[in-house]
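What follows is a structure written as structure tokens; I'll ask about it next.
Order as written gives the chain letters A, B, C and D; numbering starts at 1 within each chain.
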Amino acid sequence: MKNLSVSQRSQLVAEKLKIKLENIANFSLDPNQIMGRNCENMIGVTQIPLGIAGPIAVKLPAREYYLPLATTEGALIASVNRGCKATRLSGGIRVKVELKGVTRAPVFKVNNLAEAEKLITWIKKNFNQLKQQVEATSRYLKLLDIEPFITGKNLFLRFSYDTAEAMGMNMATIATQQAVSLIELKLKVKCVSLSGNFCVDKKASWLNFIQGRGKCVWAEARLKKAVVKQVLKTTPEKIVEVVLRKDFVGSAMSGSLGFNGHFANIVAALFLATGQDMAHVVEGSLGITTAELETNGDLYFSVYLPSLMLGTVGGGTGLATQKEALAILGLGQGKKGEALELAVIVGAAVLAGELSLTAALAAGHLVKAHEKLGRGSK
Amino acid sequence: MKNLSVSQRSQLVAEKLKIKLENIANFSLDPNQIMGRNCENMIGVTQIPLGIAGPIAVKLPAREYYLPLATTEGALIASVNRGCKATRLSGGIRVKVELKGVTRAPVFKVNNLAEAEKLITWIKKNFNQLKQQVEATSRYLKLLDIEPFITGKNLFLRFSYDTAEAMGMNMATIATQQAVSLIELKLKVKCVSLSGNFCVDKKASWLNFIQGRGKCVWAEARLKKAVVKQVLKTTPEKIVEVVLRKDFVGSAMSGSLGFNGHFANIVAALFLATGQDMAHVVEGSLGITTAELETNGDLYFSVYLPSLMLGTVGGGTGLATQKEALAILGLGQGKKGEALELAVIVGAAVLAGELSLTAALAAGHLVKAHEKLGRGSK
Amino acid sequence: MKNLSVSQRSQLVAEKLKIKLENIANFSLDPNQIMGRNCENMIGVTQIPLGIAGPIAVKLPAREYYLPLATTEGALIASVNRGCKATRLSGGIRVKVELKGVTRAPVFKVNNLAEAEKLITWIKKNFNQLKQQVEATSRYLKLLDIEPFITGKNLFLRFSYDTAEAMGMNMATIATQQAVSLIELKLKVKCVSLSGNFCVDKKASWLNFIQGRGKCVWAEARLKKAVVKQVLKTTPEKIVEVVLRKDFVGSAMSGSLGFNGHFANIVAALFLATGQDMAHVVEGSLGITTAELETNGDLYFSVYLPSLMLGTVGGGTGLATQKEALAILGLGQGKKGEALELAVIVGAAVLAGELSLTAALAAGHLVKAHEKLGRGSK
Amino acid sequence: MKNLSVSQRSQLVAEKLKIKLENIANFSLDPNQIMGRNCENMIGVTQIPLGIAGPIAVKLPAREYYLPLATTEGALIASVNRGCKATRLSGGIRVKVELKGVTRAPVFKVNNLAEAEKLITWIKKNFNQLKQQVEATSRYLKLLDIEPFITGKNLFLRFSYDTAEAMGMNMATIATQQAVSLIELKLKVKCVSLSGNFCVDKKASWLNFIQGRGKCVWAEARLKKAVVKQVLKTTPEKIVEVVLRKDFVGSAMSGSLGFNGHFANIVAALFLATGQDMAHVVEGSLGITTAELETNGDLYFSVYLPSLMLGTVGGGTGLATQKEALAILGLGQGKKGEALELAVIVGAAVLAGELSLTAALAAGHLVKAHEKLGRGSK
């Protein structure tokens, strides 16, 4: 099926299975751009409803954004929207973002500890040479660090990169391959796997949670008591209690890697709309929610997301609908700092969505929200 | 913006932001079906390239399926396809599936241990009455179990349901609300949050990993040595070594909740194509890969996925493109057992994709595969 | 050195190393009782200072106990003592205990899923026969359950036992060996290891945290505001804040398996004094602390310990000093229910010690306490 | 009871409870040294049988040690002894040790992210001043690093120290208090708790596992095939299989923080004998075991312990029996490097004990070993 056009392939499948693929065939993406880049054996597209929430008010610097959210889960966009309104009316969301770097960690088999130490010493000594070699693989990539970890005959080297506006996993992989080849050549050791699960890519892990990966984001807002009442239909006290009993005690009791309500929902909807890799929702939704009562009765609310892998160029970001979604955010034009700005937006959006869900739970309105919107299967 | 049509809203956004949303506006989904159900403030759709892999051969009973995979990650479908071929040539994939049940766990605030015990005793005594009441909320839902967990003043009740062919989170939430109302009325206790993060929904957690949630799937295949060589370009020995050093040692060292290579990629692509909730990729990608050398030199390869939340009715499964993707799998016609069949397919597809990536790593071909397909950002 | 007496062996070591072992040689334990039972190659004893705290007031039924605590950590006993006083003045500590059972989980190598299922089916069918056989290995042991877990070719069977007043790990191991032999004989499968780390013995694990092991204990107390002030030198509000920021947020951020301050200290001191296996401190110190403000300003304080492996017969409990320590608690006479009573005491003692440390942190007195007592190395 | 002598207090307790405390009263430790330092309300001692294993052969530099092990678990010392013999006959154990530093992490309450950032900036700027101040609290302590972590209003500062030959938790706490006082004074922020559970002290945590704490140790040995057969009664192949299925697959399935067999047993016995803090067994027993088949059929075996908190001065190390046990190891004379040497010994001893248990499981001899030695309760 490799050499067929999209429509030929789609027809073939439809005929063979005696089904119709009319909607899948309805698309405006350019197959020539997609083939050999985003998707093989293409038969069309999956259409995901795209809605808008906001504007969301972000501070430092002050900006407002409409949020493009792709989802099939009723009530989600309405909920994020409500969170946008409540935070906007309270002065907006302050966000802090830190570049942690894209990581790739090959695993080498060494014969013993002495060999591992020799390798580590060599890397420290030849860091600049390695840096030069790996940075020659891409004009966007900078090597930040190489961190070694040993157990038995296994030596992991965690390479960390700045990949500019790209999410950069591919770039990092190619660069690391280059370094690995050099190390294998010079030190006669064997790399068993270019990824040694110490990266950690697309799995929930404490390593990423504690040390961060990609972009690390903190967002906070101070909600006026009256706004909590009018917009969120509950009280700061009740929200604080839900965060304590659900996000902390419940997560502690269940061995959760993630002390939050539903980061994954908002991260998934924004990632899908803007062309990110959907498997990165796994680590992107790691994080912690906190809520506190201010002395004047207002609500302090925060979210922390240590492992956001995202970009504004490369991957799915260049596809026509995704590019338009990025344009809604004022992004996708290749300016420096766009990836960090997208991380800021994700952090703020997650805060809005998390706040709204927590408030719905606090008010006892979860079922009502879902019964009004998004209900289905009774 | 609530009362606008999709195109009016889209136009408004485009004008306001001085951008074009032409591709987003290109869709064949029915907005009337979507509004109030899957998406609010709709402005169009996100188009995700949809490709096909397979056929994949599943055993017991023997069936073949073409896999619809929605993704923007180049090389993924080619990789799954290669895994399908290798397993097909080796006699197919055996899959075991178990219904664990959809869970929802409200958290109650009790005054002390005695009150918690009283509540638990009441529930045991009145289980049948509760069952009758909650099952009245949907003709598809069956209450399987209520499991209590206490710490301090926090009492979690983990309700577990059979929700037939629906993923069922909404149904389960509505049913649990019914039970909660009854408990609050009868026992004068207060439910603080209908979800107490002991469900655990859309977060990585050891509770789901150990006890399972939704559907729990095991898949295994025995790859002929010659097939590993010809199709996967490596040897069983090398694959076994990658699984050991990467999936086990690397995951152990990094505190990962998931001892596998990239379950998330395949789960995300299948979930997206078939209308599942994308936030469920987080728990759906939990699991373990194993590889062993058979005495005759063949390769035994297995995957284990304890927490698959999916369905063939409800949610996004009724959308036009998603319905067609389900039709490719012969699903979506409301037959009994379809959800379990979909879980079987996901398990088999994950095995195929996991096998192929592991083989690429073992062969040192990861970069080559990505350079040929899906490359981008150099 | 095997056939020497304790003093001969001690002398030999002293001479060879040119050192004196006079204090080690000073003991009143009976070597004949110890050899072949508790210690090989004995050269004497380690003396650990033993102090007393309390009395601690436990409720339901109401009892008071002096706590024997063996420790070298200055300030620990004083701190537990203070917690005893504060809780005693507030009406005592209510404790709930549940027998979870001693577990042992051998791992079998099966050829495939079908073989695993066959084995599981056989076990369900022949549970009564297995029960009879394993219970023949000891007149104290009862088989409670056998729970299977599969991944790839690995089948774990988690056997759970009631071992009466003994901690029972040895008994459970012998009984499980019996079951394993029968299974191997009847089903021609191979047990690779009698312990498959799914027990989980002496390691921190989420399995034990979530499902419990040995004895599971909850303890709670309601501290009067005035008592908190006078005895603990702080306020309920401050204690609540320390528990939140330290035990919940700090533990969440650091990937801790244990949301408490220092359960390990109290468990270790009581285990050491009463002849328990010190490696069981690892799982015995798992657990959660909670603190809440009551509406009248009092403090609610609780601890939860899901995995206490302990007993009042067997192991080190029969040694002379340990037996006397058990006598201080009114235990060690072989009465039914003594092991559960000891678990109750451990739970109460942990609450007292945890409360006192938390209060010291809240008051900013940690350093002062250690400077007054137990300081050392400046 | 505070002002009584040990014997007066012991007598009082005995009379009150109508029991005898004769053995507890038998001790040679000096109460004057203990009071105000190691134990309050002392009534005597707990005697723990102390045995000897070895010699154990350690390499780089080559040394042999007899191991003092305090335990009540029959078969443990015999097992360690067997591991010593097998490794000694195979050329000894190579050990690598790294000082990670003693850590203490207070948690501050800040008003918002901006305040947290201000504090962090201040610390970076004033690191040298802080260093000078905290190092003035002890002539042995050096400040290595201060690492900040933020979530919401919670700011954790993880102070890391070199405490020379002392385990150093007390020193580190006093030094951190000094730094905290300065920070509170200069920045008008409030430290909520001097320990914020981001240290992480005496709890199992991924932070310590990944970043290390105290001393981090790797040990490895290459066992000759013939030695495995003659001494350990099994084969390298079987040992490799037990490590895979038990230590890796079993630990992965059960959510264990520790991929080993029984590190806790050996760590506990050595810690107890040498006067360490027994609650540090919790983090000290974290770690990973690996086993591999060498091409010539020999066995490679390794252990990794990332979080050993220990010392040769301070705490319980000065007590008479503990001092003698340290003398058996040639330690306790206050020489520089003794604490690292003790860590090396612990690493080697853990390897020996782990190897022997794994071999017993591989040979199917676990029950036999326990039946011969240390059995009890049938």
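The definition used in the following text is that a contact is a pair of C-beta atoms (placed from the backbone, for glycine too) under 8 Å apart; a residue touches a chain by one contact, two chains touch by 3 or more.
Quantities reported herein were computed from a predicted structural model and do not represent experimental measurements.
Across the two interfaces under comparison, C-D and B-C, the one joined by more C-beta contacts turns out to be C-D.
Taking the CA centroid of chain B as reference, the farthest chain centroid is that of D.
If each chain is reduced to the centroid of its CA atoms, chain B and chain C end up 38 Å from each other. With centres defined as mean CA coordinates, chain D is found 18 Å away from chain C. Among the residues of chain B, those in touch with two or more other chains are 151-152, 154, 206-207, 209-210, 249, 251, 253-255, 257, 288, 290. Listed in rising order, the residues of chain A touching chain D in the complex are 94, 96, 112-114, 117, 150-154, 206-207, 209-211, 218, 220, 222, 255, 288, 290, 292, 300, 302, 304. Of all residues in chain B, those touching chain D in their complex are 206, 209-210, 244, 248-249, 251-255, 257, 259, 288, 290.
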